[in-house]
Amino acid sequence: MISPEQYPVLIVVIPLLSAFLISILGGMDKRFCYPATLLALGGSLAAAVATLCLVADHGIIHYRMGGWAPPFGIEYVVDYLNALVLVVVVFVAFMAAIASKVSVEEELPHKIPQFYTLFVLLTTGLLGMTITGDAFNLYVLMEIAALTNYALIAMGRKRALMASFNYVVIGTMGACFYLLGVGHLYIMTGSLNMADILNILPHLYGTNAILVAAILMLMGAWIKMAFFPMHGWLPNAYTYAPSATSSLVAPLMTKVSVYIMIRVMFSVLGAVYVFKVLPVKELIVWLATAAIIAGSLFALAQKDFKKMLTYLIVAEVGYMVGGVWLATAQGITGAILHIVNDAVMTLCLFLFAAIVVHKTKGHQLSNLQGLFKKMPITMAAFAVGALSMIGVPPTAGFFSKWYLILGGIDAGQWQFVVALLFSSLVNAVLFFRIFEIAYYEPESAQHGHGESVAIDEAPLSMLLPLVVVAITIILLGLYSGEIVTTFIQHAVPAGI
Amino acid sequence: MEILLAKYNYWIYVALMMIGIYGMIAKTNLMKKIIGMSIFQTAIIVFYVSIGAKKGATIPIIEHGHGAAHAAVRVADYVNPLPHVLMLTAIVVGVGTLGVALAIAMSIYKEYGSLEEDEILERLE
Amino acid sequence: MIWQFDFLILALGVICALASISLKDLLSAAIVFGAYSFLMCLLWTEMGAVDVAFTEAAVGAGVSTVFFLAAVFHTSRIVQPRRRGRMLHKLVGLAAATGIGILLISATADFPNWANPNSPASTHLSPFYITETIPLTGVPNIVTSVLADFRGFDTMFETAVIFVAGLAVVSILGRYGRRLRDYEPSPVGEDVAHQSPIIQAACRIFVPFMQLFALYVVAHGHHSPGGGFQGGVILGASFILVAISYDLRVMQRRLQERRAMLFSSLGVLIYSGIGALCLLMGANFLDYSILHTILPATSPIMARSHGMLGVEVGVALTVMSIMVIIYVNVASYGKSDRGL
Amino acid sequence: MDTIFIASGVAVLILMMLTLYRAISGPTAIDRLMAVNVIGTKTTVLLIIIGTVFHWVEMFVDIALAYALLNFIVTIATSRYFQHHKNLCPVGFGLRHRKEETKND
């Protein structure tokens, strides 16, 4: 009944409609929420995969909302870049949703319907941000994602409240900067459609207004992704959020913001403008270098496992921003591949963190003691994620880092290469320290010495997604060549 | 006079925006931050609505829309409706953010008994 | 636009903004902020943005001031002076504000003059909307047709934003799911002391007219300023008026919080459901013109007009219930007992 | 004809500016409330004046009506505050702090 050309809109509409149904059903009986969420995200995942196949076969898809032609109505554009990001976003959300069951029942027992409604709406917002071809529509969806995010974080109570408030203030500032940037583009070009703006802009490249628009839009995206000097809100917000929230938000929010930066750079302003006209390429790579080093150093200083991971996110954002602004084909390929890989890797680590919180009621590093013996499968899956963060060859993390390093060498930005290697080293130190704590240190003194600890695995609903994600990391590593040739190389703008 | 009239709307929106940003950053009272945030958002609305204004044009509702359906409509007679649509959305987003921010500020007050950022941070430590 | 008004209103607006940022009494700051919203409403009207002005009148000057007052009511009223690092904080704020100010001012030099009919914004997209609204959708109010049809997809998410905001407030403050019988009775004497017969009589007369007016605003949005959003806010405000002049429990007897939550989901569901219906019937998402096959005696153009009306009703339902939900939770600290 | 309306509108705005002085400096919050209420009433008038300048008053009457209704609600909500908290002029009020340690209610 629904023809293939309708698939792109289904990706967004299925979760959107189900969010309201979840809210209604959840009001009657909260046991409906979990299966309904899985169904919604599963349907969306199917639509996203179908769209990915369509894009791989037939190229870019355009979809007109309400049947109106593009500059007048809102248009969805699915190209090689966002088809891939869409699948990653739904996949991560789906896995996080499966794993959320136990921790939601434990941490938010009275708010299950609200949690799942907001969860699905957050996914909808992120998907909509990824798929849209309209600059203003992006803002509206950004606000949906942001508002759900504030609420999901504030559900953590106590310290999460203050973190969430800071996030509200800073996040609103970021979104408003983006909106203001769109306003500057609108007053100069009279259009809101990204492709249309890209067409009109070249004869306005010299003007101050476009420069300011570019600065504002990039600032907006940077604030949202917690790029180094603006990262202050992120660690507390993600650390004190409920674990089900952080395993959805931490992998996706920053990655989608990086995607938005790429979209603004290449599909709105134009690669020629950002790389040839703007004289800031080197400066931003330096900032990214600073982000990587600062993020890694802060991560080293943490005693809290979740907070350590959040600082690693700050460093990873540096990888991606730096990779894009290297302005070489290799660097951009690496950055896009890293969006995919890093989302899955971060998901793996945060799912593990959720299991740790579930089992030990805390997220300090000391909570990890003796876990290798108690939960061998969980720890094996975690080890895959950790090795991938370090960048050990068969895992996904190695390949994107490889492209980034090649890009850095191509561009002659040696400081970036050094920072990447330094950060790998720091990751190695961090994760081997964790392995040591989890493997050698006994859980606690009163359990006695040398006694064999009973195996006490995580519940299946948490273990299964973790294992799937770990396998995905290896598969992404093995097939990274295919991903690059089928999708990413078409996404890199020509002529740089 | 000409140049003043031509651009002052844009200058004043910048002034409002600066007030908003100052409120968001320099004020430590959470309610003041929220007020700053709202001013910041209205400043953007001033900007957009100013884009839509058009000399000698009337409000964007077609006159005699009922009867002569195909009477010629002169574009110059009506102001640009698109920014209005966008700003309706922005106002709604603004009130949504305001509600959420107030709710968070109120639960912070419940938790820490204060709305001053520095006192709350002291209590956190 | 009327530049004489514009100039004075903007000047007044800047003064109000400065005052509400610097007043040390939060209640007064909220009141002055209300005045700021009044002025903004005037500003939009004077530039011809009647729908924006209507929304601002309903939202900015009305409910959001009430939300502010309710929040101040339950928290502290006086801004305490900062203990340490006062100057540094101010300097950082000033530096950021000036930096961004200079950046933005430098961009204004390239802008077309204010209210210039030949600016790109007035010549690129908007002529299409102005000339085609009647032939393509049959709706004289261009803002409504662009809002609900040409860019209807944005508006759907705008409604979703409101829904999210309500849900967020409930999940942060409230105890969703309490039924009416769960409310513990409070001491009688205390209640009576806060009730004023004059206000209650006025409210009794007011509320029916207000709701009727709100329905008119929803239904007449195709031909005059207004529409689902503004009408919804006024409807919500009528419930808020009941809650203020009596108390929250009296209001909850008319509209329970649980039911309001249900209505809010239903409203957005109506909107996205109409879109999905178009999808199921073989057209693109939100392409109302296909609906003429199931609506009796309509052409594709009138079907668009009717589709918009259906969508507006959904918006009004959501906005009304979410305004009530936010008020109930903010005014009673999530306990939904007495309120202001 | 338009000139007369514009002139009267400007006059109302200037009066508004005088009221605004009371709204900002007014010693008690009741002064502010009254002043803002007056500003609200003037706004209603101005909305209609703008309508006549645009030669299409019908469209503006709705806004003015909605406006007056909501202004009423705000006033009642504020008055509720004073019913519960009798303190009209707490210490440490206005644009400057008068004393360091204060506690309202």
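The first chain written gets the first letter, and so on, giving A, B, C and D; residue counts start at 1 in each chain.
Keep this in mind: contacts are C-beta pairs under 8 Å (C-beta built on N, C-alpha and C of every residue); 3 or more make two chains touch, one makes a residue touch a chain.
No experiment lies behind these values; they were computed from the predicted model shown.
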Revision key, fill the gap. Greatest contact count: chains B-C
**Study point:** Relative to subunit A, chain with the most remote C-alpha centre
**Key:** D
Point to revise | Averaged-CA centre spacing for the pair subunit B and subunit A, given as whole angstrom | key: 29
Study note, to complete from the structure: Averaging C-alpha coordinates per chain, one finds the centres of subunit B and subunit C separated by a number of Å equal to 12
Exercise for review: Averaged over CA atoms, how far is the centre of subunit B from the centre of subunit D? Could you give it in whole Å?
Suggested key: 19
Review point. When the centre of a chain is set as the mean of its C-alpha atoms, what distance in Å lies between subunit A and subunit C?
Key: 31
Exercise for review: Spell out, as numbers or ranges, the residues of subunit B touching 2 or more other chains.
Suggested key: 21, 24, 51, 58-59, 61, 63, 82-83, 86, 89, 93, 96-97, 100, 103-105, 107
Exercise for review: Specify, in ascending order, the residues of subunit D that touch 2 or more different other chains.
Suggested key: 54, 59
Check your understanding: Taking each residue of subunit C in turn, which ones touch at least two of the other chains?
Key -> 48, 50, 63, 72, 76, 80, 104, 108, 111, 119, 121-122, 125-126, 129, 151, 154, 158, 161, 164-165, 168, 172, 224-225
Practice item. Throw together a list of every chain pair that touches. Key: A-B, A-C, B-C, B-D, C-D
Review point. Which residues, counting only subunit C, touch subunit B once they are in their complex?
Key: 1, 3, 6-7, 10-11, 13-14, 17-18, 20-21, 26, 29-30, 33, 36-37, 40, 43-44, 47-52, 55-56, 59-60, 63-64, 67-68, 71-72, 74-76, 79-80, 82-85, 89-90, 92-94, 96-98, 100-101, 104-105, 108, 111, 113-117, 119, 121-122, 125-127, 129-131, 133-135, 138-143, 146-147, 151, 154-155, 158, 161-162, 164-166, 168-169, 172-173, 223-225, 229, 326, 329-330, 333
Review point. Which of the residues in subunit C end up touching subunit A in this complex?
Key: 103-104, 106-112, 119-126, 128-129, 149-154, 156-158, 160-161, 163-165, 167-168, 170-172, 175-177, 258, 261-262, 264-266, 268-269, 272-273, 275-276, 279-280, 282-289
Check your understanding: In their shared complex, at which residues does subunit B touch subunit A?
Key -> 21, 24, 30, 33, 37, 40-41, 44, 47-48, 51, 82-83, 86, 89-90, 93, 96-97, 100-101, 103-105, 107-108, 111, 120-121, 124
Exercise for review: Over in the complex, which subunit D residues touch subunit C? Could you list them?
Suggested key: 6, 9-10, 13-14, 16-17, 20, 23-24, 26, 29, 32-33, 35-36, 39-40, 43, 46-47, 50, 53-54, 58-60, 62-63, 65-67, 69-74, 76-78, 80-81, 83-85, 90, 92-97, 100, 102, 104
Check your understanding: Contact residues on subunit B for subunit D in the complex?
Key -> 58-59, 61, 63
